[in-house]
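So, here come the structures, one by one.
Consider the two complexes below, in which subunit A is the common component and subunit B and subunit C are the respective partners.
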Partner chain A sequence: MNRPVTGTRARSVRAIVVRAALLTLLALAATFALDPFRNYQLAVIAATFCATAGLTLLVGLTGQLSLGHAVLMAAGGYGYVLVAGPAGDAGLPGPARFALGLAGALAASGAVGVLLGLAGARLRGPYLAGLTLALVIALPAAATQIPGLGKDQGLSVPFEAVPGPLTGVMVVEQWHAWIAIVVAAVAVTPLVVLRSGRAGLRMRAVHGDEVAARLAGVSPARVKVGAFVASSLSAGLGGAVLAVVTQNVSPGRYSLAFSLLLVVAVVVGGLGSVGGAAAGAALVVLLPWVVETVASGLPADVAQRLSGNLAVAVFGALLVAVTVAWPGGLAAATAGPRARLAGRLPRARPRPADPSSGPSSDPSHDLRPEPRPITER
Partner chain B sequence: MRNHAPTPTPAAKAMAAAGAAVVGLTVAACSSPAAATPGVDDETVKVGTHQPLTGPAAAGFSSISAATSAYFEYVNAQGGIHGRTIEYVVKDDGYNPANTQTVVRELVQEDDVFALLNGLGTPTHSSVLDYLDQNGVPDLFVASGSTTWNQPEEYPNTFGFNVDYVVEGAALAQHAADQKPGAVVCVLGQDDDFGETFLQGVELALGADGVATYQTYSTSNEDVTAQIGAMKEAGCEINLLATINGFTAMALGTAAQMDWFPQWYASSSGGDYPTLVGFLGEDVGPKLLEGFVSANYLPNSPGGDWYELFQQINDEYNDGAPFDGNTVYGMSVGYLFAEALAKAGEDPTRESLVEAVGSGELVGNGILPLTFGADDHAAYDGVGIAVVKGGVQDFVDATYRVDGETVSAVEPEPVPLENDGIPAP
Partner chain C sequence: MDRLVLLVSTGVARGLVIALFALSLVIIWRAARIVNFAQAAMAVVAVYVAFAVEAATGSYVLAVLAALVTGALLGAWVERGLMRRVSGRTPLPGMIVAIGLVMVLQSVLGILFGPKHRPMTPVFAETPLSVGGVPVLSRYDLFVLVVALVVVAGLGLLFNRSTLGLQLRASATAPEVSRLLGVRVPRMVTIGWMLSCAVAALAVLLLVPTELGLNAHSADVLFVHAFTVAVLGGLDSPVGALLGGVVVGVIVSLVTGYASAGLAPLAVLALLTVVLLVRPGGIFAPKEARTA
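Up next, the complex of A and B:
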């Protein structure tokens, strides 16, 4: 690309970072309006958001369906505790321990991500989904068999107390919400930058037609592995945050149901949309709680029968309803008439030059919101 | 790349919104630390618990909290404790530590409970131990025999309820050695603190090489065929079980399918006869369980005063739910809490409640005296041995206490029933 475009690119990156910083400030301020339990929920949402943002990028842009993102979060959580735990025992102060822990989380989730990405570059559609699904199912057994992972009971994570100057201002839940929000911002902003730049174009190109992309000098394998790693690192940070907030990493949190809910979250939120991923994360955390709260008002025996099952049913119903009503997810539904119109225009036009209009066996193809035509290369 | 040119409007809007929010919200700091005694007002005391109402442990333990609630209703109907009724908030965690963390936060922060009572499970409760400690919530009578709860220095607010697994392992192993000297003894344990601590106790009684094989299972994997096969292979004659009820039944059932009928000794956490019959079925259950040995420390003896009182309460306040060891357990927990609350004074605070339990003045309703004290947060240091005979599980003439490193046979000292089971202030 030539120089003027690079200048535009710098401005665009700057705009993204400024917007992210403002949203982060807004979220930090909002924690003051919430009670401790809401702040705890907010922290869990922020952690989940790290994973859904990575997943929405992966599925929405490169079309690689991962059903096992919970494993990447777990890798981040275990990576965090395996580094932060000994660091804490060695007497390192809070911030250094936390930073080292995050590095451990990135290393662990990155390593798993590279392996999965390499597999993902060779496997297509249902096979990759099957592989990632198998990982989630294997997680409890792995946690039991691999020494040092604490089995079903999990590992306990060093407690991050409210730092001295803030002790009179906030309780620990709010402090944890702050940590979670800042880490989520650090995890998700690079994804947005990535999506808006050349890397994003390449991902779309590879998703659209691998042969065409290769003819244009784009290596599909490299792009796919890169997308998987980026998505894994973000999910790993989410897992680390979850470990800090709950002071525990155990395989029980990263169950198959949770992993599938992450996929439901990004589909409901709108594939490829980061805002949708945030909405989806909120849904994953809040919906079971709302459902349980409502169900607890029912007679005891009915409530006990429904307990734990009702939320899954509601999720299923929601997924069906949203996909029928707005195939583009909540992001498309709430984007307003103008944005919706803009999103539909390319589809309505004949697109002889668009590689993504070629024959494709990928069923998720048509679900993608506003697949931008790649007319400029 | 034209498509991605930034539009200034959203950023400017967000800027304005953020500014307004910072100004407006810092004033209303709802998350700032607060004082006062939560969960106690003039009429009620609210306590909470996390229990497995669903999931792998539900079938064996979901009736405990219902029994505790029924006992509290009985106390409330008699006027409560110091004129306050007890409200018991039960949350389901599905025996999954991840859920426990959420529901316990909900109990402490949303429901403002005075104390946590009888949180069930070693892996589950371990995951909230630090949280409860940091928030100064009294963590009474944890439903697990892990020695983790008995660390007064580190967790001054946490007290266990079950006799610890070291004591159970040691007592059962000692009984096995007394009954059948020289038998090949094996252990099947849950792959967490439960199994490991129990094994320590067994080795205390039998020596480090006294166990022929130690097998473990994980609650997330509902199959013990490999473990039972290995034990049969090792020629085990007496199998000691550190298993929860569901897995005790699974172990017996799996062995029976292999045509193998060794002697079984189970911990109190997985040795309740009616519950096991429920798992194994009315037809084969009683046959498989005849001669089944287990440990217990509560008045779970048909015909006893406590047993009969609890049966009455169960009929009246628990809709006549099936009466089993879990019912006795749940009501005993309720009784001990009511006693602690009565001792905590007219206007209980979290500190006075913990002080009352740590004072060593509580007596409970066990077959041996309670051992709570300033430097001991375990409830019992001994167990009675119960055997199933003719379809009735009752104590036999064998009671053991563990004092440090020694296991000794003692006489039981059951606490008599007084004042219709309502603790006197």
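Up next, the complex of A and C:
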């Protein structure tokens, strides 16, 4: 992600929004080139991207490792269903029901996020990871024990049909992909704005040195809770979209394995990089499918054993290899080529030629993406 | 009343297994400042080896030895091969590597052995013994109790009474100073990992006969319980791990016995949350140094 290093805050926010809008339009246009199944996959990727973008912000910028982001997605999914279901029964039309459902998703995931954030502000490293791990493991039990959550089978989600004017143009999978892409844009753009601004600086400061941050007047607890809430709201929207696309919310979908896949996505993509989170989301959705496709050509008993396991093994190996060998992930690995590419493109407005030769006191200096090892963030 | 006695005593026996596993987490934490999320998966690998050894030789003692040795070797390999290569300045990379390792080990076990549970017959009968007409513990639970207590006592002796223990503790608390005084700190870290993984393998080996059987995921819940215990007691405190293990074991046993098995994970989560919110560093944690 190349963000403008000059100009006022308003200009940089505008640039982010414009870029997000362009990318969204591009993705929407791309859905016309895909068949229904690819569009379904694209929708799932967009939903996963909501969660990974939040997670990459949380882990990369504040150093809080959450193994429970699947639970936040689940909270979003259940929040959506619990509001959209009754709203649909009451006869509300599609858009209003959908908007209410999203509000429900935000409320549910926000509530869980505040609680986890409060815990996270008090806990360091392994304690938070362990608490979120326990949360994921307890989710199926919670879904079974809490009345109204539909036990193991989960709840079915009101169907979002293609709206009237578009029925001749697209099938339902493409419409769902559109929903997913737009919601992902709405969920992720604020995160990018947040990251590029003062809040992002504060998060880095708290991660870098909590004592120094406190001496500089930054409240670590507030920053950590804020980061957790922002991250969970985005994950909740992702959960709501996933619920709409798959038309079902059940605890089995949000297992520990899925939570770990989200971690894989952000680590492989590069911690702290939103573009990396998108690439990671695509990877964790598509790779299992590729592996299944390849394995289906094998004899039945072998295929059955490989089913599910092979992809997880590949992901685990990727996670270890990336952390040991390329700590910056995809974002760092592609930073050089991308910078060279950006250098060749014509500039729309003047920028300092080389940030290192610019004044070092420039606060926006720190806003540049720095593909450093995660340990140094 | 009889039921209560049975549940509490079974809970204590289960709790000691949890405590053993928690102790293994504490050992690694003290030696390397890493919570090894791969502990359960590594221990399960060691138990698969023990299983094979028992099937081949029919000897439970050899199986236990195989589990201990495999656990120790795995620990050494993971520490030398992986953990040493990532930066130790923040806990994050170590945790991520451990998580990746869990995924690799569990899926490879799943590919090799399939999803079904392999039953393991306990060496002693599981029917409860009666004391004065009240059913208390099975022979196997008694065996678990004794083994766990012996191991805990042995570890206590090792850490507090031997030169090796002194070196282990010194390199954990003050690595720089210890190095200056001639302690081989990297070797101590490796030994810590070996000890810890051997203990974890033993804990899982003791656990498996009381559960459904051996499977790639059969130690997952144990890990969550043990982590809860380690947090309850503070990751730095072996005594805390021991007491916490018994407490969690009894709570799980009581909740399962009186309410339902489905509520047990929620009870553990609630306990974990309450303790973390009230004492973020654990009940037995030393007071944190002032930071600002």
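The rule is simple: the second predicted complex is superposed on the first by the 328 of 377 C-alpha atoms of A that agree within 3 Å, B and C clash if a C-alpha of one lies under 4 Å from a C-alpha of the other, contacts with A are read in each partner's own complex, and residues count from 1 in each chain.
FYI, a residue touches a chain if its C-beta (ideal position, glycine included) is under 8 Å from a C-beta of that chain, and two chains touch if they have at least 3 such contacts.
In this text, all values refer to a predicted model and were calculated from it rather than measured experimentally.
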| item | value |
| --- | --- |
| Room on subunit A for both subunit B and subunit C (clash or fit) | fit |
| A:Pro36 touches, of subunit B and subunit C: first, second, both or neither? | first |
| Contacts of A:Val320 with subunit B and subunit C, given as first, second, both or neither | second |
| First (subunit B), second (subunit C), both or neither touched by A:Arg19 | first |
| Which of subunit B and subunit C A:Ala96 touches, first, second, both or neither | neither |
| First (subunit B), second (subunit C), both or neither touched by A:Met170 | first |
| Partner chain in contact with A:Asp152 - subunit B first, subunit C second, else both or neither | first |
| First, second, both or neither for A:Val294, with subunit B first and subunit C second | neither |
| Contacts of A:Thr8 with subunit B and subunit C, given as first, second, both or neither | first |
| Touching partner for A:Glu210 - first (subunit B), second (subunit C), both, neither | second |
| Superposed arrangement (fit on chain A Cα atoms) - minimum subunit B/subunit C Cα distance in Å | 6 |
| Residues of subunit A that lie at the interface with subunit B and also at the interface with subunit C | 141, 144, 308-309 |
| Subunit C-facing residues of subunit A, complex | 59, 63, 65, 67, 118-119, 122-127, 129-131, 133-135, 137-138, 141-142, 144-145, 210-211, 214-215, 256, 260, 263-264, 267, 305-306, 308-313, 315-320, 323-324, 327, 373-375 |
| Complex contact set, residues of subunit A against subunit B | 1, 5, 8-9, 11-12, 15-16, 18-19, 22-23, 25-26, 29-37, 39-40, 44, 140-141, 144, 151-154, 156, 159, 161, 167-174, 196-197, 246-248, 250-253, 255, 289, 304, 307-309, 372, 376 |
| Footprint of subunit A on subunit C - complex, ascending | 29, 34-35, 37, 82, 85-87, 89-93, 95-97, 99-108, 110-112, 114, 220-221, 224, 227-228, 231, 235, 262-266, 268-269, 272-273, 276-277, 280, 291-292 |
| Touch list for subunit B against partner subunit A, complex | 1-6, 8, 10-11, 14-15, 17-18, 21-22, 25-26, 28-33, 53-55, 62, 92, 94, 96-99, 101-102, 105-106, 109-110, 122-123, 126-127, 130-131, 134, 191-193, 218-221 |
